[in-house]
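Common to both upcoming complexes is chain A, partnered first by chain B, then by chain C.
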Partner chain A sequence: MHLWRDIKGTLQPFWVTLGYLFKKPVTIQYPEEKRSPPPRYRARIVLTRNPDGSERCVACQLCSAACPVDCISMQAAEDADGRRYAAWFRLNFARCIFCGLCTEACPTMAIQTTPDYEICNRDVLKLVHEKQDLMVDGCGKDTEYNFYEHAGIGVVNERGGNADEYGPVDPKSLLP
Partner chain B sequence: MPKLTIDNLQVTVAEGTNVLEAARALDIVIPHFCYHEALGAVGACRLCAMMFVDGPVKGLQMACMIKAQDGMVVSSTDPDAMDLRRHVIEWTMINHPHDCPVCDEGGECQLQEMTVAGGHGVRRYTGKKRTFSNQNLGPFVQQEMNRCITCYRCVRTYRDYCGGSDYGVFGSRNRVFYGRVQDGSLESPFSGNIIDVCPTGVLTSKPFRYKTRLWDLQEAPSVCPHCSLGCATVPGGRYRDVQRVRAGINRETNGFFICDRGRFGYDHVNHPQRPRQARVDGQPVMIDKAVMAARQRVAEMAREHGPNSVAFLGSSRASLEANALLRDLASTTGSTQLVFEAHHGRDRAARTLVARLGEHARSQEDIRQSDLIILFGADPLAEGPMLALAIRQAVRNGGRVVVIDPRPVELPCAATHLPLAPERLPVILTAFGRGDLNAFDAREREFFASLIEQLHSARRPIMVGGADLLGDKGVDALCSAAAELSTGARSVGVMTLLAGPNSFGGGLLAGDGPGFDTLLDAVHEGRVHALVCLESDPFREAMDPARAQAALGRLQLLVSIDATPSLAARRADIFLPARANAEMAGSYINNEGRLQAFLPVIDPGLPIRETGAGNHPPREFFQETPGSAPEADWWLLAQLLERSANLAEVRKTIAENDEVLAGLLSITTETTGLRLTARGVMPLSAEKPPLHAAAVGILTLLVTTAPVGSHWLAHLSSPLAATEPQPYVCLHPDHADALGLVAGDRARLTTHSGHCQVVIRLSAQMMNGLVLTPQLWDTALEGMRPGSLLDCRLEKETKA
Partner chain C sequence: MNDLLISLVLILVKLGLILGVVLTMAAYLVLAERKILGRMQMRYGPNRIGPGGMMQPLCDVIKLITKEDFVPERADKWLFLFAPGLTALTALLSFAVVPFAPPITLFGRQIPMVVCDLNIGLLYIFGLSSLAVYGVVLGGWASNSKYSLIGAMRGLAQMLSYELALGLALVPVVMSAKSFSLNAIVMAQADWPNMLRHPLAFTIFMVSIAAESKRTPFDMPEAENEIVAGYHTEYSGMRFGLFFVGEYINLVVIGAITTVFFLGGWHGPFLPPVIWFIVKVLFVAFLFIWARGSMPRPRYDQLMHFGWKVLIPLALLNVVVSGAISLALRS
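The block that comes next holds the complex of A and B.
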């Protein structure tokens, strides 16, 4: 009985190979030909903008705190209107492992992964991206959210001017 | 000692401890907001609910309001207690905004911790939140009232503990607002403490705003370098930048709080002009080369002109280790020209204090517990601000305060004030100690007779002196008076405010040798050719800066070790960059003889803020951090001595050579410090008094220190710059009337060293007939030395 099994085991692979000779090949001739990964693929990291076109990142450092390889660093600063923003923002793609934890941590939807996986470079310094290299036009995956419209401390709207707030109270009033 | 059971664990605590603290002793953290150890319990936040199952108290109670009693059985995990806590925290969170990512409290937010601890995870309230308009509270405190949870801690700290009156609580129901009546700077010199006590992000530090999230901040226990009190601090730094200081906890010194000078005076570390490069003859060199050059040239000088041609100047802002090694360096060189303070009066006062203090030494905690405090020529807000806060606590506990001072000494509490001429203080102290009332006129006699009576009925009296005004004679008289007024049952304490964080250490290390003025004479006469300066600026700190600059110009060799842009650092032939207090480990001895250690927070280096010019850090990479040359002052001196530059070994050698400093072997930052009992040596009594300037007028000018502006390190700190005063003189209103001056007038002050423009201030507390002016760095008043009495003229400036 072993003999029959061995013969079958020897011939069957040839049959499979023969079958594939008449099928369309799955190999893609990269880089001449390119694949489009699914929309939620985790590759190049970008900084997106609010629906109104302003910067989303508030330099809260949660991405850098979440990053397991410490590839994100930044410095926060304050705008004239009290808005917190990143004076500089550096992401080292030579270190990044594309785990996506930064995007999960981001409270403003600013940092997002994109399907663009072509990041390789022979010069390591070119993999160190600054804020201007990371900023994109557009909201990315969330086209509605603007952090400061929900934060509850003014900045984009008047104080107390957001949808879920009453206007500022008069603390000197003694009315009940 | 009540013994109680909390969550099935038994604990025995001191009488009067509340149940919240008893639970904390068992490492059981009960959520709470309004309770603070320094402020006490008010039971307002309703968050620390615990179930009292059995014993003298029963039912659901606030743990902070119940004193621990024998036989109590308490549960923190009772379902009812947990349910109440969960609801309370949910109510507290109802109006709290959703802005944690941009809140500077993030990382040390007690509200966040307590929300999690209280078991409130998901928001159920979907209604609108109430909001407030914010106030501008000045350069130190940033307000964001929307975050407020009305715990009242800030008001209790600001008004009750610190004695401020311009910050309070307004409104009713959910409109309760904490702030000032109008926008404006907080007036209290302790305003920064409300930043520390606020459990959430309502009150945050303005200079620290948006600089760093707190989990990224490097922190270490340290000792404040801004006065002689040695308060515990915790500086924090990131990106090679010291960015903030918060209060450390040391129950013997500062307790839980610090003053604004200590809190916002960190920026000298990051000063843009700070010299960070070793230099020999103006050429930048590696630090090892500079150390070698210094060693060779000092040895050469000693060989050529004799060992006493090399002089050594220590400092009250250098660490104890460095000062002790400087003494070793002097003795290795064979030189006896060793001084630890360039200011003649302060040097002699510190040495006298160390020699005389003994068992009369008192800590800030003793001050807080005292029932009678008599200030002789001491202005705490200027010379040691936290002492004023300690005095306030004594008054809150029922103590009394008497101020005997020519200056209008401001305190955050009620005090009886007697203005007296500064030169009379030593005489008066001696007479007071002996109970001899003949030295006084009728009014003073009544005052002192009642004071002696009060002193005899007091149980823990303390006499506080200021080294600047009292001088060595006054400090001597103060210690004698304390000894004479002490009885077997009751010892009269002494606390003296010195100039720097390690003035006491300098006084302890100094022998009975002459002071710096005598040394300057030797330089002038060509007997001393070389000077090694350790974190000292003799060009500007000597009693007569003009004379010092003339004499020091004759030096053949000036070696300077410094961490600040001082004149000595600029003029040095060999400059060795030192680390600042926040960048090194070391120790100081505070004004009561307490030896305290501190640890480094960051390594030295040009802040990324500077290397990147505000933008991202440079895109080139170097092996070495730019500006990282500075080394600890004791490291440099150990290298000069060709000894091992390891701190443990340095301390061991110092302790072996001098048993007085044996405490160096055992100090850690975890303790409250080590009170040294050793005494120093009195300075020579026959030393030539400082030169009295030629008479240029008929008015007497007393030079003193201002709370901000007179202290070198604080002056180099940009957050404090806004609070530095313009040059001014202070007069009694009657005196000003006689001179035809009114408050706010511009006047010309003439002294032997020149003219300067000053603004007139008036105070009814001033001694009539005296003109008072502070020494202020980088103003026309820079050359005045605190504690000196000068002749002056004061003329009103007519507007051109």
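The block that comes next holds the complex of A and C.
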């Protein structure tokens, strides 16, 4: 017989639940109280700008290729100086699963996720964001990175005259 | 003639009063249960509609009424439609014999504060609680669904077996009141509530009435994580609502009869008797909600073993011992 154990096991839960009855609930009452997500939270996607204020996106299509649900589409165009940009850029948030693969694919740090999670809408078409909806003024997570200062030489910078640029390698001199 | 008319009007007024109070209490017990369970699980429970969620029962009723009343294919249609009413009806009818205050004198007439003071009130309550089994069984049978049938079978066996223990637990109460009338039972507890006079009977009564009314530690008939919703799996709309509200009316009834049989009815110091009665009913309801927040559901065979091998022998023993004690005290 485990009579005492059974009686204790029957009565003890009542004591425990009574204790919890007087504790404060842990619920965050959403519309009134909002939790602030961590800075690297993956929610609304934005297109950021270079530190000098120009667009970062070079319409390379890598984000659109990486996207598992195909929610990004764009058309590439070229400036007079040969610099690429997106003529239009469309992101369908009704489809987006906020996986962040586009931000990992982006070579210019243009496309980035932000902690702004309140983007739901009853009208699905309002969830299709165009380029002007996606562009923001800041640099996002990296405030110094500028793709065209490291790559794209010959397009915006003159070939040969840059500070961190070496002359072309002579493959034959490297032979043993 | 005039006298008869006045009695009739009085009965109707009392009926209306009880119906209103019991239904309101049942509706708000749903809310109270959800809120108390919520707090026990460190969340708030419903608090969106009205101040503190007070309008939630109203919204639930509107939702249930406007939902589709669905009868499954190849169900036994008339039984299916009839069963939920039976559950709610038997629960409501039990209240007819419950005295909720001492008789008052109004314009030279003595008005008993009970719809009908039957001298076999206790047996009447038992009869109704046996009938309540039919609500479960017919609902489960008529649904033509395996989950409903399993739930109904469990409900049938459970309610029938625990009714025995329930009845035996009340024998000492009847012995000390020397009457089956609920009014007399309350009167007999003027100085000592039966809870203190018959503690073992009280314990057995509490356990078996929880099983009898399918409250949570013993909610095998509707065990939602094994058999969906048991006997009311196939019900929707207001018919489900009737089962649901019947369950909570039953909770009020349990509170009332526990109060009458064991907690001294409307007896109590300082406060007016009606208030005492309501406070005690709500306290018993809280006990059951508390048990729902605390206890896991036993297995079905454990339940039957406990009923037949522990509670009924204990209750029999209790009858013999308390009978012997009252005999010895008398001589």
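Throughout what follows, the second predicted complex is superposed on the first by the 137 of 176 C-alpha atoms of A that agree within 3 Å, B and C clash if a C-alpha of one lies under 4 Å from a C-alpha of the other, contacts with A are read in each partner's own complex, and residues count from 1 in each chain.
Please note the rule applied: a contact is a pair of C-beta atoms (placed from the backbone, for glycine too) under 8 Å apart; a residue touches a chain by one contact, two chains touch by 3 or more.
If you're wondering where the values come from, they're calculated on a predicted model, not measured in any experiment.
Participant: So in the superposed three-chain picture, is A:Val128 touching just chain B, just chain C, both, or none of them (first/second/both/neither)?
Facilitator: A:Val128 sits against chain B, while chain C stays out of touch.
Participant: Which partner, once the models are overlaid, touches more of chain A's residues, chain C or chain B?
Facilitator: Partner touching more chain A residues in the overlay: B.
Participant: Between chain B (first) and chain C (second), which, if any, makes contact with A:Gln61: first, second, both or neither?
Facilitator: First partner only.
Participant: Just to be sure I read the superposition right, which of the two partners does A:Pro13 touch: chain B = first, chain C = second, or both, or neither?
Facilitator: The answer is second: A:Pro13 touches chain C but not chain B.
Participant: A:Arg42 contacts which: chain B (first), chain C (second), both, neither?
Facilitator: Once the two structures are laid over each other on A, A:Arg42 reaches no partner at all.
Participant: Is A:Gly167 in contact with chain B, with chain C, with both, or with neither (first, second, both, neither)?
Facilitator: first
Participant: Going by the contact rule set out above, which residues of chain A touch chain C in the complex?
Facilitator: Going through chain A, the ones touching chain C are 10, 13-14, 16-18, 20-21, 23-27, 29.
Participant: Under the stated contact criterion, what part of chain C meets chain A in this complex?
Facilitator: Against chain A, chain C makes touches at 36, 38-44, 47, 290-291, 293-295.
Participant: What does chain A use to touch chain B in their complex?
Facilitator: For chain A paired with chain B, touching residues are 58-62, 64-65, 75-78, 84, 87-90, 107-108, 125, 128, 130-131, 147, 150-153, 159-160, 164-174, 176.
Participant: Across the complex, what residues on chain B touch chain A?
Facilitator: 97-102, 106, 127-134, 144, 146-147, 170-177, 179, 209-211, 213, 215-216, 239, 608-609, 612, 614-617, 619
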